[in-house]
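After this come two complexes, each holding chain A, first together with chain B and then together with chain C.
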Partner chain A sequence: MEHGNTRRSIIYKYSHFFLYLPSLILLLVFFAVPFFMLVRMSFNIGRPLACYIEGFTFENYARFFTNSYHHGLLLFTLQLSVPVVLITLILAYIMAYVISRSSGLKRFVLMVITIFPIWINLVVLAFGWLLIFGRYGLINSILLALGLISEPQPLGYNFASVVVGLVYVCLPYIVLTLVSVLDSIDPAIEEAAKDLGAGKLRTFVEVTLPLSMPGIITGAMFSFIWTMSSFVIPSILGSPSERTFGIEISRQILNTLNWPYGAVMSLVLAGITVVAMLVSNKVREKATRWVS
Partner chain B sequence: MGKLKFDSSRLLDVACVLICLFMLLPVVVVFLSSLDPRKYIRFPPSEFSLKWYEFFFSREDWKSAFMNSIYVAALTTLISTPCGILAALAYRKYSFKLKGLFNTLIVVPYLMPSLLIGITILMALGRTFLGGTYYIVVGAHSLWATAFVYMLMQATLANYDLTLEEAAKDLGANPFQTFVEVTLPLLKSGVISAVIFGFITSFGEVTMAIFLTTSKTITLPVRIWNSLKYEIHPVTLVASVICMVFAAIALAVVTKLVGIEAVSKIGT
Partner chain C sequence: MTKGEIIKIVVALVLGLIIGGASVYYVFPREVTKTEYTMLPEHEYLRNKFKGMTLRVTCWSGPYEENFRKAVCEPFEELTGATIELVPGWAEFISQLEAAPPDQPPWDVFNADGYNYLAAKDLGKLIPINLSNVPNAQYVYECLKAQRDEWKTKLGIPFDGGLYTIIINREMIEDMGLPEITSWKDLERPEYDGLIAMDETWYYGIYVGAFLLDEEEGAGEVYTDIDAVFNKMAEFKDHVGKWYTSGAEALQYLLNKEVAVAIYYTGGAWDAIKNQGEPLEILIPEEGTLAWLGSLCIVNGTKVKELAEAFINFALSPISQSRHVTLSGNFVTGNFSKVPDEQYFNPSNNEEMSKLVFFDWGYLLEHWTEFEERWNTEILGGA
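Up next is the complex of A and B:
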């Protein structure tokens, strides 16, 4: 009896731990161990079409740091992220501003339109854009009908169509991030600015915009990370000259079958992700402190 | 001045309508195209028919990809729902030293690019007994689904009155009875939403699945991906519409249960 009680009290004492246990096991097997294995894999001997040969070498790292073709891909992906992040932020801010300033049915409808694409998968959305940009797609048929062009123009499979696709998939998440930040701004602060004689534009630039900085920084970070790691969208909507870093990683793993080299590239991408998160945290802290 | 104010909010509304059109355009185009009976996809459709829908359900490869997706999503739900709910309960009810760390750990997989998660799991487990089975995909999807269920349940539990459990205990209920008869019913809409959320997260996931599925376990989104890469056929549109319909139903039910505001908080 007494024994039973101690056992029960132990269960009570650590019940929080037992409740977390299933998730922790899942994280261990499918997240922590695999990331450890990724690091280990990067030191194996890599030969194309061999997957990997057990061993310990730095040659994959040496190869990556001297491979100018892969540096070029990294640079291209960074260049791609600039228009994606900027356009996403502008569109998302407009949408989020309208959502947070509306209520009732209008807010509900705008929210649903924003959230719906998140629940559909990437390939379906990319397919939609393929049909819009295609040779016999929506834009070409509109232009033909209006008589602006006499035959279909090649609109898809280029830099612009990749940017549109990436903006499209980033947009909903960034809108929602900004809505929650804009919602949390006390309307009294804006009222106060207006009472003090600030115009609508000035109130926005000097009060609302700085207060929403944390959301803007988070949004910029996420759209940057997603562009850097994107591979489904650019490989459907782009041509071979829009090869992103993510596409090249997937090729190393699935086509070239050089896993150790793919592991090095993956670690570089993981590094970029972590650095982006740390930098954005720092900047966000600074912005918050500066505002308050 | 008054006119200027009027104009600026008008301008915002117009911009907002345009952005909404931008958001809806691919969805509408895919749906309308799926009804076009022509062999080559052209927009706009010339006439409407269900020809490719019949074709979809007469093709074994598409049907089995669909069934694989359902199977993987169902198993993912089975794993992620209890994982996420229990962890969220622990977060709400107890305070302990590692709480902050656990809280971060559960959502970290969602912050990591899915490309990396797919690749690491393939490298670590692809050559074990899990390789080429449904379970390797299920495990990968469960990482994300658990994070979502956890966040959704945290939002639900924020409005949950802990003293009701105390009352049940005072009235002589044991912890298990309390959980089944008090906690669960109170959280019913949250739990059902969590189930749907877990399901649709897996049903729509494509990046990890590209690395982890084989021709035997291929899911519907990966089948669409293959088709877009190698041979675009009108039946691919039907598969896409099926994905959209699942998403629409799931979103409608969850919105009805917990409200659109709670849905919008997930993952932000």
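Up next is the complex of A and C:
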């Protein structure tokens, strides 16, 4: 009898592990294994059009760390992420706040509008924007018709159009993250602040905003990672001056067929993402501690 | 007659028309008739041998795939009873080939341009073709037989190609009153500033640079004076309004009037002109043009080599080639194939074919890293 109880308690103790097991296997097979293969690939010998030559060399790392063009691309991608993260957060926070404070049909409609872009293929979306930003696109046509400009202005294929595109893509995900965080804030806390004499703005700045800080940090992290690995949007909406690190990785692997060098670049990108995550975790911990 | 009966009759008539129309379409989908197939002496032999078998073939995606399917794959299926699994692709051909297990290649026949041919050959992914099973290979133009590595190694047989030339949006040029273009040098005229799109890949760009220099025969500057080529392109880049990364993008720029000129492939432009009625025009500059050449290759590890050879033989027949050039606008490589008069830009004999400038992939591969990095920093870096 007691033996049976012990067995049951062991099963109960490890039941979480068994539930986690399928996900763990999935992660191991589809992330960890390819990741280690990527690390191994980065040490193979890379030559254009050769894919890879089996071997062990640090040549690819040496080439990357001495290649100013690729450093420039990395720096540009980091620079690109700054306006994308900031603009996305501001817009997403406003949208999330409005959604969080609404209910019923209004909330449902706002949520549908927010997530609608996720339903459409990114390439189709990006080409659709060409019709808006283009030489004879919607914006130029309106400005021309209103007589505000005399000839079409170059609105697309530049830094601004890439930023707009990336913000648009990131927005739904960040809004959803922030809505769940804002929903979890107990309204009684805000009520208490108001009862103690704080105005709407003060309540927001001193109560709501700090309490939603974990969501803000997660959102910032998400849009940063998305921008760092962005490929489709910059290649369609940008010019070669807006070539991102992601585009170059794809080109090394698919066009130059130098897999080891592409692997090195991918690992550099992964490394930056990991560092960013560690930093954001620290910031989140501090923010949570400060709030509590 | 009641109202319900009238509705039933109308519905039946409409359905009948739809089904009838679809049947006619499926029975007579192409301009080539059954008679033409049966004219081939090996018809019954091929049918008995290959009926029920499957051949996996890869080619460029987009309009090329559609045209290749209609011109070659579907007629071959009807002729032999075999099934052609056409797998379209673009940049990922070699990666897929390399990633697949050696005894399970992703396709049996690889419709490869010079770049992909060279990569696949160097990786040992191609096997020699038995020419006695491909008698139509004899029709390939002599200049190609003399020049092309594919032919010499028998790892591929030249099948088709396209020009990388000047394509204009005629409507836009007329609306804006832009001057006519007859040579590459005309693209340097200030009126065209910012109205030109070209491929951002370095190996296209250096040939354009050589044509702009126009000092040597057949873009020879690429091989003799690459510094001059890069300097020329450093000047020319300011005229380029859009650098594109894919054919679809180039076409979009032209059709949306983002640019008046695209240095682009004839096949894509022809499809837009012919099938969509777009106001585009293909120009052949007086200095000549660059061209890509596609060859049909058999992939190492295939289990249906004879079927693959029969397919290649069929694709090289004058009937198939005439159909392919008519539908796709890409040039074909065989004597006796009929090039439509409206395709003034395509070579139709050995002499015209010998004037085209092809990529020298062997040379480009030797200098790949150097040229690529120079292009990135000197041309695109400052774009």
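Just so we're on the same page, the second predicted complex is superposed on the first by the 262 of 292 C-alpha atoms of A that agree within 3 Å, B and C clash if a C-alpha of one lies under 4 Å from a C-alpha of the other, contacts with A are read in each partner's own complex, and residues count from 1 in each chain.
In the analysis below, a residue touches a chain if its C-beta (ideal position, glycine included) is under 8 Å from a C-beta of that chain, and two chains touch if they have at least 3 such contacts.
This one's a predicted model, so the numbers in the text were calculated from it and none came from an experiment.
Superimposing the complexes on chain A yields a three-chain arrangement in which chain B and chain C clash.
In the superposed model, A:Thr256 lies in contact with chain C only, and not with chain B.
When the two structures are aligned on the shared chain, A:Gly72 is found in touch with chain C, with no touch to chain B. Within the superposed three-chain model, A:Leu91 lies in touch with chain B and out of touch with chain C [touch as defined at top]. Within the superposed three-chain model, A:Leu49 lies in touch with chain C and out of touch with chain B [touch as defined at top]. By the touch criterion defined above, A:Leu130 reaches both chain B and chain C. For chain A, the partner with contacts to more residues, out of chain B and chain C, is B.
In the superposition on chain A, A:Ile236 makes contact with both chain B and chain C. Look at A:Tyr157: by the touch rule set out above, it reaches chain C but stays clear of chain B. Taken together, the two structures place residues 127, 130-131, 134, 136-137, 235-236, 253-254, 259 of chain A in contact with chain B in one case and with chain C in the other. By the touch rule above, chain A contacts chain C in their complex via residues 48-51, 67-69, 72, 127, 130-131, 134-137, 154, 156-157, 235-236, 239-241, 243, 253-257, 259. Against chain B, in their complex, chain A makes its touches with residues 15-17, 19-20, 22-24, 26-27, 29-31, 33-38, 41, 91, 94-95, 97-98, 108, 110-132, 134, 136-138, 141, 168, 171-173, 176-177, 179-180, 200-201, 225-226, 228-229, 231-232, 235-236, 246, 249-250, 253-254, 259, 262-263, 266, 269-270, 273, 277. Looking at the complex, you find that chain C touches chain A at residues 91-92, 94-95, 98, 115, 118-119, 122-123, 194, 200-201, 242-243, 245, 249, 252, 256-258, 365, 368-369, 372-373, 376-377, 380-381, 383. Touching chain A in their complex are the following residues of chain B: 4-5, 8, 12-13, 15-16, 19-20, 22-27, 29-30, 33, 40-44, 79, 82-84, 86-87, 89-90, 93-94, 96, 99, 102, 105-106, 108-109, 111-117, 119-125, 139-140, 142-143, 146, 150, 200, 203-207, 210-211, 221, 224-225, 228-229, 232, 236-237, 240, 243-244, 247-248, 250-251, 255, 260-261, 263-265, 267-268.
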